[in-house]
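Next come two complexes, and both contain subunit A; in the first it sits with subunit B, in the second with subunit C.
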Partner chain A sequence: MDEKRRPGGPDQEGAGGETENGRADSLEARRQRLDAELLARRTAETGRGSQKDDRQGYALAVKLSSEFIAGVIVGAVLGYGIDRLAGTTPWGLIVFLILGFCAGVLNILRSTGAVAQPGAARAKPDSGRGDDDGN
Partner chain B sequence: MSNDPIHQFQISKLVPIEIGGLDLSFTNSSLFMVATVAAAAGFLFLTTSNRGMIPSRLQSVSEISYEFVASMLRDGAGSQGMRFFPMVFSLFMFVLVANLLGMFPYFFTVTSHLIVTFALAMLVIGTVVVYGFWKHGLHFLNLFVPSGVPGALMPLVVLIEVISFLSRPISLSVRLFANMLAGHITLKVFAGFVVSLGSMGALGIGGAILPLAMTVALTALEFLVAFLQAYVFAVLTCMYLNDALHPGH
Partner chain C sequence: MEAEAAKYIGAGIACLGMGGAGIGLGTIFGNYLAGALRNPSAADGQFGRLIFGFAVTEALGIFSLLVALLLLYAV
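Right after this comes the complex of A and B.
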């Protein structure tokens, strides 16, 4: 199919050098045409769906920020609690706040699907899709 | 009518009750929780009381909601997860009906209070922890031990995993709460623009068309969000229950 659509395709088959040249030219031309078409389509899509993108971006922002903030808050609360119990005043908060940041980043990576869910790889191969089907 | 966008979230005591120094008053929030449960239960009861082989329109709404939650649960937690169906279905219906009731003007939105959504999330996580330990014993702790981590890093990774697990109820509740709160405030602010522009004479009334159109569009969006957040809450519940059922054999 592709062979036929190429400009000057099948009838140039005889002369070797010319064919190579023509093929390279047509490949370059086709690539440029593809780029132009893709660009046009992409701009058209972004122009049309900008409001929808805003909405989805807002939903994504709430989702990811809640995941991250939750990790940090839990780390801070744990650290503060350990400090109150053990009397190690600044250190528990410092260490657990940093761990909380790590957990927050892990939460974000999980909810975007960049890292597998805990136990998902072993328990069910198809359940590592995360919660990316809504907010 | 108050023009304060936060005013709609105020708790007011309807029947003050105090037992042993604890304030157990029946508030407007309690009233709307009761209304939510009554509406959801009444709808399901009345629409399915006919038990027609060929369902009427309303009966098929009930059946669709059943099928919807059941397939969500089967996908998320496997067929074993169906033992949690009553809980997931109740949670889904409660959140959905509470969100939708909040769309009525002058109604109170139960899910726009963090403590309510947090209580719902703690119910989910509490079920996961209790069921996980009851079913698997200490094997449940395997959830926090990812495979293929070098021994030296293990304590650190386990600690991070534990914090990540503990942060689940918070992110679950904050997401529902933040979406409902932000949506209702936005709606109120735009509606407030209509009123304050409309009181500025002919030019103001012309300008008020823009925020009015925005309010109409936002109302539609809020109905979508009301459904979507109930769905997300139920999906995440299924995912967490899956951890309790299969803690990484």
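Right after this comes the complex of A and C.
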């Protein structure tokens, strides 16, 4: 942009060209300021995330799936055991497997913070969206 | 003995339904991820709906698992 300010530049044509160049310079300066701000913000964001976020994402995925599957398996085992003890052969398994599924979904909702932990309202009022989701 | 064999074959066929649930879950989470990469600031607000869709889709897979378990252990 410094070449444009030189007299006899490629697009300099009298007084009108002078104001045109001034506007172009200010636009160029504003564009450079915007670029600098965007670069600073972008580096700040990537510095905050990257490797730590990756590990937290893996940990969250494994935690959520294992909590869900644990609920279903515990429900199935409980239903099978109750069936064997009480002799109500299909119905205990059916009811407790569905209850285990509901408990697994509730586990997921609790660990993501969509539903408050039981007793969290009494212990700490602002611990609903806990520190396990990285926010 | 033939009824026993049919029981095991039926349990195996019932587990095919979990593959359908897997396809549905892949669609849900893939579309959520695509949308979250397009607009990351709106992703956190839709997380509850993502979990709702996950629960409804996974329920059908659990039903087929239930049928398989019933055929294996309760019939």
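Keep in mind that, in the parts below, the second predicted complex is superposed on the first by the 68 of 135 C-alpha atoms of A that agree within 3 Å, B and C clash if a C-alpha of one lies under 4 Å from a C-alpha of the other, contacts with A are read in each partner's own complex, and residues count from 1 in each chain.
We adopt the following convention: contacts are C-beta pairs under 8 Å (C-beta built on N, C-alpha and C of every residue); 3 or more make two chains touch, one makes a residue touch a chain.
From a predicted model like this one, the values you see are computed outputs, not experimental measurements.
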Just subunit B (first), just subunit C (second), both, or neither: which does A:Val74 touch? first
Which of the two partners, first being subunit B and second being subunit C, lies in contact with A:Ile82: first, second, both, or neither? neither
May I ask you to decide whether A:Leu60 touches subunit B, subunit C, both, or neither, giving the answer as first, second, both or neither? neither
Which partner does A:Leu99 contact after superposing on A: first (subunit B), second (subunit C), both, neither? first
First (subunit B), second (subunit C), both or neither: which does A:Leu109 touch? second
See if subunit A has more residues touched by subunit B or by subunit C, and give me that chain. B
So subunit A touches subunit B in one structure and subunit C in the other; where do those two contact lists coincide? 135
Per the contact definition, I'd like the list of subunit B residues that touch subunit A in the complex. 76, 78, 142-144, 146-147, 156, 159-161, 163-168, 170-171, 174-175, 178-179, 182, 221, 228-229, 231-232, 235-236, 239, 242-243, 246-249
Sites on subunit A touched by subunit B in the complex: 55, 59, 62-63, 66-67, 69-71, 73-75, 78, 96, 99-100, 102-104, 106-107, 110, 117-124, 127, 131, 133-135
State the interface residues of subunit A toward subunit C in the complex, per the touch definition above. 68, 72, 76, 80, 83, 89-90, 93-94, 97-98, 101, 105, 108-109, 112, 114, 135
Subunit C residues touching subunit A in their complex are 44, 47-48, 51, 54-55, 58-59, 62, 65-66, 69-70, 73-75
